[in-house]
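Note that chain A is present in both complexes that follow, paired respectively with chain B and with chain C.
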Partner chain A sequence: MSTNAIDRRRINGPQRSVEPVYLKTETSVSADSRQDGRTRTNVRPIFMRTGPLSPQATSAASPSGSAYYEQGKIRISCAIYGPRQGRKSNPRMGIFDCDFKYAPFSCSWKRSHLKSSDEKEIGLMLEQAISPAIRLDAYPKASIDAFVTVIESDGKAATISAAINCISAALVDAGIEIYDSVAACSVALMGSEFYYDCTQEEEDSAQCTLLMACMPNANEITYLLQQGKTLPEQTEKAVQTCSDLCTQIYAVICRYLQTSVEQ
Partner chain B sequence: MASLILSPAEQDYIIRGVESGFRADGRSSLDRREVTLRTGMISQANGSARCRIGNLGVGTDVLVGIKAEVNAWTPGDGVPESSGVLICNVECSPSAAQEFEGRGAEELNVELTQLLDRIFNGPQSGIDFEKLCIIPKQAYWVLHVDALVLDVRGGITDALVWATRAALLSTRLPRVVVESIPDDNGVMQAEFDVVDDPDDLTELDGVENMPIAVTFSRIGRRFVVDASEQEEAVAQARMTVAVSPKMDICAVQKGGVLRGFMPTLFSEVLQTAQTIAREEFSRFEKCYAEAKSQALSQIDEPSTGSTFLVPF
Partner chain C sequence: MQIDDIPSSTARDLASRIVTPGTAITSDPAYMRGHGTFGENDTIYSSVAGAVERINKLVSVRPLKQRYSGEIGDIVVGRITEVGSKRWRVDVNSRQDGVLLLSSINLPGGIQRRKLESDELQMRTFFAEGDLVFAEVQSFFADGGLSLHTRSIQYGKLRNGQLVTVFPQLVPRSRSHFHTLPCGVDIVVGVNGYIWVSKHVPAAKVEANSELIYSDRNEHISDSERETIARIANCIHLLNRLYVKITDTSIIFAYEASLPHAVKDLLTKEVATDLAHTVKARLLQQS
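Right, the complex of A and B next:
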């Protein structure tokens, strides 16, 4: 008997493994055409629907408002519960709580069923982006909960901004008192130009991504996040372009909400 | 942040004070509090620093330890094939505030961890991550940045970034020797050896380019820098801007759930952040040099409770 017993029931791989060599695909982004055929300043088409989750008969267990949002490959659904009695409560003003979850199949890699730390952080970001718009002082002791599920994602910053837009629409559907709807957008710096609403692939090759949420009518930036290095002038310019872009997206949301009411 | 409950009268006092340019502790709106910095007090760590922001021995207290570890590279775990990684973790200790007990600090921990990660993990931090690769596709260094928040008195992010910056600057890695050895088939294989000599250490590359963070708190219609605990309790929004020594903007993050801020104020905030960062860098250099000389003078003394606490 040899001391170095080999398990013959298994296929024994080599001791050292080497990563296969992949064929390089051209991912260079040229000046005015992107991989999906958009120009630099084009935003993926937006589709949304309010109230997909509300059943006909209103029961206490059903959400008070919901929305479904699509932007290119991104698909997000959001349900709003409340105002209702929450776990935490503040006697002076209401609490907006947001629960963000990527579906396990929503990304290019498999996500865990358990909540990861980046999902927790995005939940927090959404709270910070949306709360300034809600009239929380009108809901003392109550809690308003948003549950966001990402069915498909494409680009982290783009997904978060889509989630913000989706919650905005759902809040209106739920009839929560708000100062103004929040619209959000993201841009990414590649070379010396900012590309609007980037996909995952574009974000991966970008030096910097910037996500912004604002209330265009109230003229207030409710959230801002820059990841990566830029020159101060570039950041300033990006905030400027984002606020223009937010106004456009805001118009899209408002137009949809108006037609949905008319129907 | 730690929730301090203030009466409406107290809140009003702070807000009106700030709006007319006065703060409770006598600072102007852009003044920062004193900083006490100390490095290299944890012998088991590759680098460590403790930073306290506050006057008269009361203030936000952060302790950062850096542990380096060699990891084997496996495809698909998200690590680039020829670079090292930095993993941040922030933990708010229940010693800082009662509500941090149990899972009470969970949200804050996540927020601060991701903020630290956003500032330090990546090319924006200036750290040369390629140098942290030992053998491409085989082995790399992992730097675990673990921060412990021991006391919270406002301005937690700035203190965290100060302490992390000092800890990374004081980090020394053991030297690694890479050699090529032919295997049985005559193919050259790279192998490495970590030199086990406590005096043969190398510094990290590019750490001098690391950014510093400036946090603005919106109180009423104005912004203040380095808000105290009371000021943070009435602040409606927060904005952290990380600025590199070359005055590039490395990260921007808004915080706070109550309000947003005006777009017109943003360019002012960016400009102020740069001016303050310039001053903070020279202040940091001074504090760090002091801390370093102190650490050197105490290197032979046994580490006792008093050496850990002396400047604090």
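Right, the complex of A and C next:
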């Protein structure tokens, strides 16, 4: 796709880059410790900030809420506009729209600056995962727009779940009424064991990935996506571990939000 | 995440707590739920992040940032976004656009008559897209949209100045929202967080020539007047950053404290922190 649509006004870098050859290191995913030194059940450390894109003075052009989220190598920023009068509007309840974009330099290959079909699909997934949490009935005729930009990605399922966490933090920053914050996480099946929060390399060698978003306090799952084959019992177990994991991530998000409001 | 594991928490426990969305505030059926909360199974949960407030039996959560929600009689500053048939759409920093009906404006010259089809055809000569209006909230529509009116000599189109946008919760509702500051600047403090800072024009002049209310031309503004307008605008930006209530007194305090500094330096870090201390101290002293 990117080869067909070259934008001559941009500096077009090379389509592919070659990584320097490093000395061989031990790469065994099957051992208990993973490549980045984590154990099987460890989640990469989370860093987040709310309000990086909202300047002090508010104006129509600046977002009403924003958040920046890091989880290992994943870096995501999200801006929320609204509730504002939208182009398409529903007289009964508000509309939540999500625009998802990978930056051209966010993956190991160069992405197009144009929106690709998988970005549209992920945008829809995010809408489905987040909108049950928003009190849309409190915002008739209004629209709430989220713009998510992936600055660096590492693992598709992990990136999407990080985007969900980022959006829910940004929604809180915007002061939009929600039932509960949505927390998301991903696991991948390798061999007979589930590995938590997998990187791109690990996801590539996995038989199955499972992504889950839920509202831990309300005890409701808002989104569940499985790619690959598993036994029914394994899925059941994965959903259980995911929900525990979401509760942990939720606690991290809530603790950050609480301290940020207190300041 | 339940704040109170004991259902009947004492009233003192409730207030001045910081909560995140989805936190159970209380499950005592005696309380009523207010803004920023929702109820489920007799329990009140917060739906925004902020401080819990309690007034008698009403529990509400006040968020740090919120959009403007109008009340009848509010003085607002808005920007025309669309000219429709018999109505203008006005951005008032709210959840949805406000509406200014053709029937609720004053005709130039103060003529009292019904609006005709010819008035409908020349609506752009009154207000065009991008114009700023100074208006009052007249009523609500069924869906919560605001209906505005400009039926007073002081309302109408804004000119000769600049717009400053602040957090709407910093602007308290007061008796007067139009002030002439001693430094020769007029300010219109919209409750919706839009503030218009402009050159002082005597009211008698406008009344004498009421054709002027829909004029698009600025009057001559001298360099010193421009500087004063810019200084007041920067002072309001500063108050917004400090999260201080924005009233005519707080603006005057900030203006007086800012006089030793150049206008362009007002928002630099050193000067801003210096001014912040002075303004906060004076406000405390006054109260």
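To be clear about the criterion, the second predicted complex is superposed on the first by the 234 of 263 C-alpha atoms of A that agree within 3 Å, B and C clash if a C-alpha of one lies under 4 Å from a C-alpha of the other, contacts with A are read in each partner's own complex, and residues count from 1 in each chain.
Criterion: a residue touches a chain if its C-beta (ideal position, glycine included) is under 8 Å from a C-beta of that chain, and two chains touch if they have at least 3 such contacts.
In this text the structure is predicted, and so the values were computed from the model without any measurement.
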item	value
Which superposed partner A:Leu224 touches (first chain B, second chain C, both, neither)	first
First (chain B), second (chain C), both or neither touched by A:Pro104	neither
First, second, both or neither for A:Glu19, with chain B first and chain C second	first
Contacts of A:Met215 with chain B and chain C, given as first, second, both or neither	both
A:Leu124 touches, of chain B and chain C: first, second, both or neither?	first
Those residues of chain A which chain B touches in one complex and chain C touches in the other	215
Of all residues in chain A, those that touch chain B in their complex	18-19, 96, 117-118, 120-121, 124, 127-128, 131-132, 207-208, 210, 214-215, 219-232, 234-236, 239, 243
Residues of chain B defined as touching chain A within the complex	75, 81, 106-107, 110-111, 113-114, 118, 122-124, 137, 237, 239, 244, 247-263, 266-267, 270-271, 274
In the complex with chain A, residue positions of chain C that touch it	1, 18-24, 36, 38, 45, 47-51, 63-67, 79, 89, 91, 93, 95-97, 143-145, 164-167, 193, 237, 240-241
Chain C-facing residues of chain A, complex	56-60, 64-65, 83-85, 91, 135, 139-142, 172-181, 215, 217-218, 254, 257-258, 261-262
